[in-house]
Amino acid sequence: MKFPISIQTQVLIIGGGVTGTALARDLALRGIDCVLVEKEDINAGASGRNHGLLHSGARYVAGDRAAAMECRSEGEILKRVAAQTIQDTGGYFVAVQGDDERYIADFASHCSRSGITARAVDIGAARALEPALSERAIAVFEVADASIDPFRLSLESMAQARSLGARLMRRTGVVGFEREGRLIRAVRVRPPGGGDELRIEAAQVVNAAGAWAREVAQLAGTPIAMTYSKGTLLVTHTRLASRVVNRLRLPGNADIMMPGGTVSIVGTTSTRVDALDDVHPTAAEADLIVEEAARMLPALATMRYIRAYAGVRPLVGAPDAADGRAVSRGFALFDHEDQGLDNLATITGGKLTTCRLMAERVADLVCRRLGVSRPCITATTPLPVAPECGWTEPGRSPREWMRSHGPHDALLCECEMVPRSAVDTIYNALRAAGDTPTLTDLGLRSRVGKGACQGTFCAPRTVAHLYQRGDFQARRGLAEIVDFFGERWRGQRPVLWGEQLAQAELMEALHCGLFGEELRDEELQHAGMPDAPRAAPEPDPADGKPS
Amino acid sequence: MSPAFFQSTLYASLALCALGLLWRVSAWFRVHIGPDARDVTFSRRVAAVFGGAASALFSLRVLRVLGTFVLDALFLRRLFANAKLRWLGHLLIVAGFTLLLLMHALAAVVSAKLLPGYQPTLYPYLLLRNLFGAMVLAGVALLLFGRWRQRRGLPQVRRPMDAAFVTLLATVLVAGFLLEGHKIASPRAFYRMAEQFSGTSDPAELKPLRAFWAREFGVAFGDLGESIDSNAVEEGRARHADACASCHSKPASAFISYPLSRALAQVTGILDSGRADIWLLYLHVLACFLGLGLLPFTRFFHAVAAPVSLLANAAARNRTQSVTVRASRRALALDACVRCGICDQQCSVAPLARYLGNPGLLPSHKLIATGELASGRILQSGHENDALRAADGAFLCTDCGRCTNYCPAGLDLEDLWIAARGDFAAEGLPAPAQWVQARPALAWAESMEVALAQHGFSDPDALFAPLSADRRSFSRCVQCQTCTNVCPVVAQGMDTEHGVDLTPQKVMNLLRLGLRDLTLGSRMVWDCATCYQCQEHCPEGVRVADIMYELRALAVHRLGSVRGLREPS
Amino acid sequence: MTDEPPDRFDVAVIGAGMAGMAAALFAAERGLSCIQVGNGGGILFASGLLDLLGVQPTAERRLWRSPYEALAALALDEPGHPLARVEVPSIRAAFETMVTCLGAAGLRYAPLGDSNRSVLTAIGTIKTTYGVPLSMVAGVEALNVRPPCLLVDFRGLREFSARQIAATLGDRWPGLRHRRIEFPGCEALPELYAAHLARALEIGETRARTIERLKPLLEDAHAVGLPAVLGLARVGEVHAAFEAGLGVPVFEIPTMPTSVPGLRLLAALESAVSARGVIRRHQATVRALAFDRDEGAATLDLEGVPGGERVVARAVVLATGRFTGRGLTADRGQVRESLLGLPVRQPVSRESWHQSDFLASSGHAINRAGLETDGAWRPLDASGKPVWPRLFAVGSILAHQDWMRSKCGSGLAIATAWAALDQVARQLGGNGAG
Amino acid sequence: MKYALFLGCKIPSKLPAYEASTRVVLGHLGVTLVDLDFNCCGYPARNVSRDAFAVTAARNLALAERAGLDVLTPCACCFGTLRHAIRFISEDAELRSRVTQALAAEGLAWSGHAGVEHLLTVLARKVSVDALAAAVRTPSTGLRVAAQYGCHALRPSNVTRFDNPMAPTIFETLIRATGATPVDWPRRLDCCGDPLHEANAQLSGHMTRAKIADALKSGAEVLCTACPHCHLRFDAAQTGSSDPTIRTLLYTQLLGLALGLPAKSLGL
């Protein structure tokens, strides 16, 4: 039999969301060697499918004081150490006619009890500053909410971790654990493109797979109790307000409107789901959000929406697991020792705002187990800016492009004005790390395809550019475009009415009507060009100069 | 008044006047207006002018010049054509003053020589003097009335020096009439004359003459009883006939000063004891001399400059003239403007000036600003706003040429405005399209952010940019690039070394992204040919070109408020 | 002061996509006075290729050599399909008339035969179409034979990469080479736009310099393919000059919208209708459409015109298109006909409008939504009767078709416009023969 | 037929021939022209203030309305500007009230009545092409003429209502009426470059020269204009230029000659 290749490391991190990447950075900063395996891509799960709201904590003051206070302190820390990922927009809590008077009355005192400042604002003044607010508003409080870019946060955490020796393996899913007594000897993973399995031998294994933590724990034979809650959000065509606007009531549906750079993000919903695969937003959820959110911000009823997305919140604590060791009600850290494992830890639950703290807690556990005494310094060490990581921020690329565009820097994406130089930077960085980037990878790391046209024009332009660079060969571009639209389409479908429906029709007219992408193989047959033996991707004589 | 004093003050004021004239006239060859005039030297300009004058003198054009002098310079034909009332007032003043000057001020050298037996106190000279004075007064009244009537909301140029000069003028006239009025009624004057001509000043002895003068000449004797017996009067008439009649006609013909004297009769005693005759004389004469000396330094120098301009036009061989000549004509224009304001009324952008509240658009104001620009005054610190507004005004001119057509002084104002625009541009105050494009769009955006942080902007979107502020204006955009494809300006990017910085479609996208400030300073917005191809072709009905106009207007205000004097251009 | 009465016309065509332009053109050809309202948006997005019918049934992705056989199949599978309701001779006549008029307006097409043609697209796929402009027809031949060929693109024309096309077909077309050149005079520009290149190539000097840059790259090429930028108003002249200069057939490949062929088609159609006296109102929309109940005439109130405008027409042709054309609008609940609120045949709920797979072969249900008409192309009201005896609907607003999947966009527009105008002429007592 | 003649700023001082020929030709065709105390059409103000532009334009319209006349202008730019003002004022109630206020200060009012016509639309639609053709005495047969439409008359067509903006025919029809032969030239609908001259002389020059070259290439002997801006721009670009030049002619001159009017009276 064939012995699979083995990789050695001190710590294996499973899951490349905000927690996993923060953990990789934390460990790397403490001088610990680690490998991060991610079955898809950075922030592919809930980490990339949320508002991008840096909570002041006020949202939880009534229901969950501990979480509220965590949010407050963590929010302050991140504003210090990861300033580049944050827009300090400030936020309003707004109640409209018909909302619970009682909750409104107690709100301020609840906040002060959690040490959160909420300043009552005169409604007229508030509407002067945020004209989009409903005239049916009956109470407005100002809090220290801010917007944070989770992609930039994770990408830059991972970038620093890598610079300190950590290794990232994208599109590498865990397939099994090799246990020996109370220890996991190795974790078996499947590399990209489904090649032969690899073994990763690590002294410690951390399960930071977010919603997938249950499956991973299951594979390790240490089941944990978790439930899933699906949340859907909508992205508007233009930015509606300058501040975060929260509904002043007990957390419910569609009560946060988040200004994200040049757009606004509205949501969320919350529905129990049991399966994790094929979680996508539905028309019904979109309708629910529009109707509910329009009560705070009436313009949302007539707004053009460009897409929707859905994420799954991992909720810890099902009936049987009243877990005493949970560090907080916000998130859960399992050491699995009672389940007979001494080198596995699972960290899940929690929220974007507290990801650094979650990483710190699990890193402390891992260090204790490894006998490493170095303290956590992520609360005080600024997160370094990485050139390839800033492009997810809406509205940044236009400025960058206008500042630096030379005669050879064309825009590949017009809606979000993403220049070719940005795409090259991102692409080269991924290549430098031994990756073979896809169009979707570029989309995740930039605004390509995120604008009004949802890729109609920018996808072909970007692919043409990648062919020109010599990065794409043969029919790969077609496949990439098809995948890219597949991914984009799930997000567009629920919001296809009004102007965005016209936009989608244009997209279909171009990509089906003209390019006939749905017939890409049939047309070949039809034109008498059946599949020929694939010629080796020829080295290109043309335009040797990097274009 | 001692002749010595009179002489010395007269010569002093004459000297001052001469110097002033010299200084002002030399300015026509010194002052540079217009970039093209920069390198035309003083001597070349002098040479050109005298050369031109000479060539005119020794050609048939001399007739044209003479005609112009009579019709335009003397009888103000051009003014008559456009403003009858003002023409009349102007003529009254000029004629009245000239006649007073000849017949009264220069009596010793003119009247005395030309008119045998001339005596200022004889009929009809009393009458005429009053008449001429009255003409001047009437003229001034007419002009003031006309000026008040023509305002039509247009602000007018006002300068202290001019006001002072008008007051001086009034002083001369009023003092003159008062003096005359007082002398008619003054017993002191009577006694002085009696002494002089009948050798006695004894009231008893002069009783009859006094009676006669009191009755016939209105001398206001304080001590004369109510009843004057007619015998005394008759005796007085006889004595008058041989002693006084040769020099004195009845003053009743002085239709202004005689009634004045009646009015003063009550206070004559006081005035006499106060020697009013002396100080009124001083006032009258000194005011005249002061006026004479100051004349060249006031706008009334146009009395010299305007005719020169008109004659120069007549002397000119053809309408278009060499830079050398125009250089001097521009400087001359600054002096020759009579501030009649006809240009302002005719100005085709006058309504714009009213609505924008910027008189800098109006010719009369532009002329002043041009002068101050030439002297550099307007560019000194503290005047930044004047300078900016003046420049704004200068560049909104449409070169319609109406001001030139109507100018009574025959000034080529159009040429002056074009020259002035050149100077404004050279001083770093070019047309908006230039000063905006002197900085890259991003630089403007950043300086606006700073300004916005300090103080908001005073230009509500609803007023300046309703379309670009309303997301519905471009929320229909489907990114099809049609606007860019049909844009001739972007197309021209193909054969110029640097293309436009943004395309129309990128501008629309920046608006959609809420980054409007990034567009205001962009070359695309300011190089837009406004040909409306984009808007006409847009399949989604986005009003691209209308929005471009809006962005320019918004830029003029927002960038204008953060722009420094002298943008690098 | 002029307060004129509203102008009167035989026909008012609402919409200026392919169907609207065809309707106006055919109306004028039949000697009817005509006013046409709307922007040429739909045409700007066109590729210049005139599809008739390529795929049937779409679910099976079955491609057809002969559009007329495909039509026959369509008639069997989907008798309700608008194209299936037009007589084949009418379809032929309509296409012939259309290409003749376009040719007269300077946009010449290869003779229409009985069969579809395969052409290359800008992303390296192949498209089945029917009417092909002369400037592209050499590409059809090249694709059939696949001799050594050269594809050339211009640096800066972002959505067209010769290398991409060559790579995508490379293993099936070994002799397909690619090169990138600088467009003369644009060496310093980051972005080029097809229309500007097209206009630049109408200038002899630029054209000559471009040809000079191409010559050394020819080598063994039997034909040269370029992005569709060979002139805008002078395509024939420019194309001929390239073939003469290079000594081999030269063909254009249509680029992404807004493409030069789209602009050419728009220009040709506009001058065709304009030359035939059709009154055009661009950037204007019909705010209100009222029918005189005693069936005399319809009154159209236009907006977007200062002070508005009112015209009267004896017949009205609705060619307002679908969602991009704004003939149909959808809110979250349902699809509406924008102008008159006519009943729209549509799927029950938004959830069922679109498939979860963008390229799903069966196509999206909403694409088959649209207006129901009677045999005379008259839209029906809720009770199933014609809304007004002389209100007709043509083109993509009609129900029971998915032109994007069937590759029948132009066919649908041209054929239904022709058929509807037959009815109009009949109703107005004009010469229906045309 | 009676109109208030709106000459605008350029014609009287820079192109008197246009005023002369317009008066002579229209007089000859029985169109009465009335002169009112008009001011600038408002165009320059569009770059500065929407309101100032609207008020300035509205003042002219108010004057015409007071005289009970429609406006006829030979300037494409004034024509477009006045039509735009009508649109802005009619679509924006707040603007309308500000304009009304400003006009009232001068004792003026505009109810939206006075219409605005361009010289060519009056000739083609009011006088009618047939009437022109009938009046022609000395047709300029065989003269190949390129029609310069002028952007602001043509677009945006919904505002100007001049002709089909993509494929206009009115100018060619009018040229045919004079017996001359209109030539088809690709760039006939392009901008002449004049509006750009202040902002970017180089760019403007390119556009002007491109048009002249295209007209020549298309075999035109005469470049016929109906706008002072286009006309002056073409002349300016050709004076002292080494490139081949083309003769420019105002349409009123072309027509006047065909009507047999003395060249001198047409400013030729």
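In this document, chain identifiers A, B, C and D correspond to the written order of the chains, with residue numbering beginning at 1 in each.
Following the convention adopted for this analysis, a contact is a pair of C-beta atoms (placed from the backbone, for glycine too) under 8 Å apart; a residue touches a chain by one contact, two chains touch by 3 or more.
All of these numbers come straight from a predicted model, not from anything done at the bench.
Student: Tally the contacting C-beta pairs at the B-D interface and at the C-D interface, and name the larger one.
Tutor: More C-beta contacts join the chains of B-D.
Student: For subunit C versus subunit D, what separation do you get between their C-alpha means, in angstrom?
Tutor: 35
Student: I'd like to verify one number: the distance from the centre of subunit A to the centre of subunit C, where each centre is the average of its C-alpha atoms, in whole angstrom.
Tutor: 41
Student: Centroid from C-alpha atoms only, then distance subunit A to subunit D, rounded to Å. What do you get?
Tutor: 59
Student: Touching two or more other chains, which residues of subunit D qualify?
Tutor: Only 156-157, 165-166 qualify.
Student: Spell out, as numbers or ranges, the residues of subunit A touching 2 or more other chains.
Tutor: 411, 457, 502, 506
Student: When you check subunit B against every other chain, which residues touch at least two of them?
Tutor: Residues 478, 480-481, 495, 535-536 of subunit B touch two or more partner chains.
Student: Please list each pair of chains that are touching.
Tutor: A-B, A-C, B-C, B-D, C-D
Student: Show me the residue ranges of subunit B that touch subunit C in the complex, using the header's touch definition.
Tutor: Against subunit C, subunit B makes touches at 478, 480-482, 484-486, 490-491, 493-495, 497-499, 503, 535-541.
Student: Mind listing the subunit A positions that touch subunit C in their complex?
Tutor: On the subunit A side, the touching residues are 280, 282-284, 286-287, 290, 405-412, 457, 460-461, 463-465, 467-468, 472-475, 477-478, 481-482, 485-486, 488-490, 493, 496-498, 501-502, 504-506, 508-510, 512-520, 522-524, 526-535, 537-538, 540, 542-543, 547.
Student: Using the touch definition up top, name the residues of subunit A that touch subunit B in the complex.
Tutor: 237-239, 262, 304, 394-395, 398-399, 402-403, 411, 414-417, 451-453, 456-457, 499, 502-503, 506
Student: Can you list the residues on subunit C that touch subunit A in the complex?
Tutor: 45, 47, 55, 61-63, 118, 121-128, 143-144, 146, 155-156, 158-161, 163-164, 167-174, 178-180, 188-191, 254, 256-257, 322-324, 326, 329-332, 349-351, 353-354, 356-361, 364, 367, 403-405, 407, 409
Student: Help me check something: in the complex, which residues belonging to subunit C touch subunit B?
Tutor: Result: residues 39-42, 44-45, 183, 185-186, 188-189, 191-196, 199-200, 257-258, 263, 282-283, 285, 304, 324 of subunit C touch subunit B.
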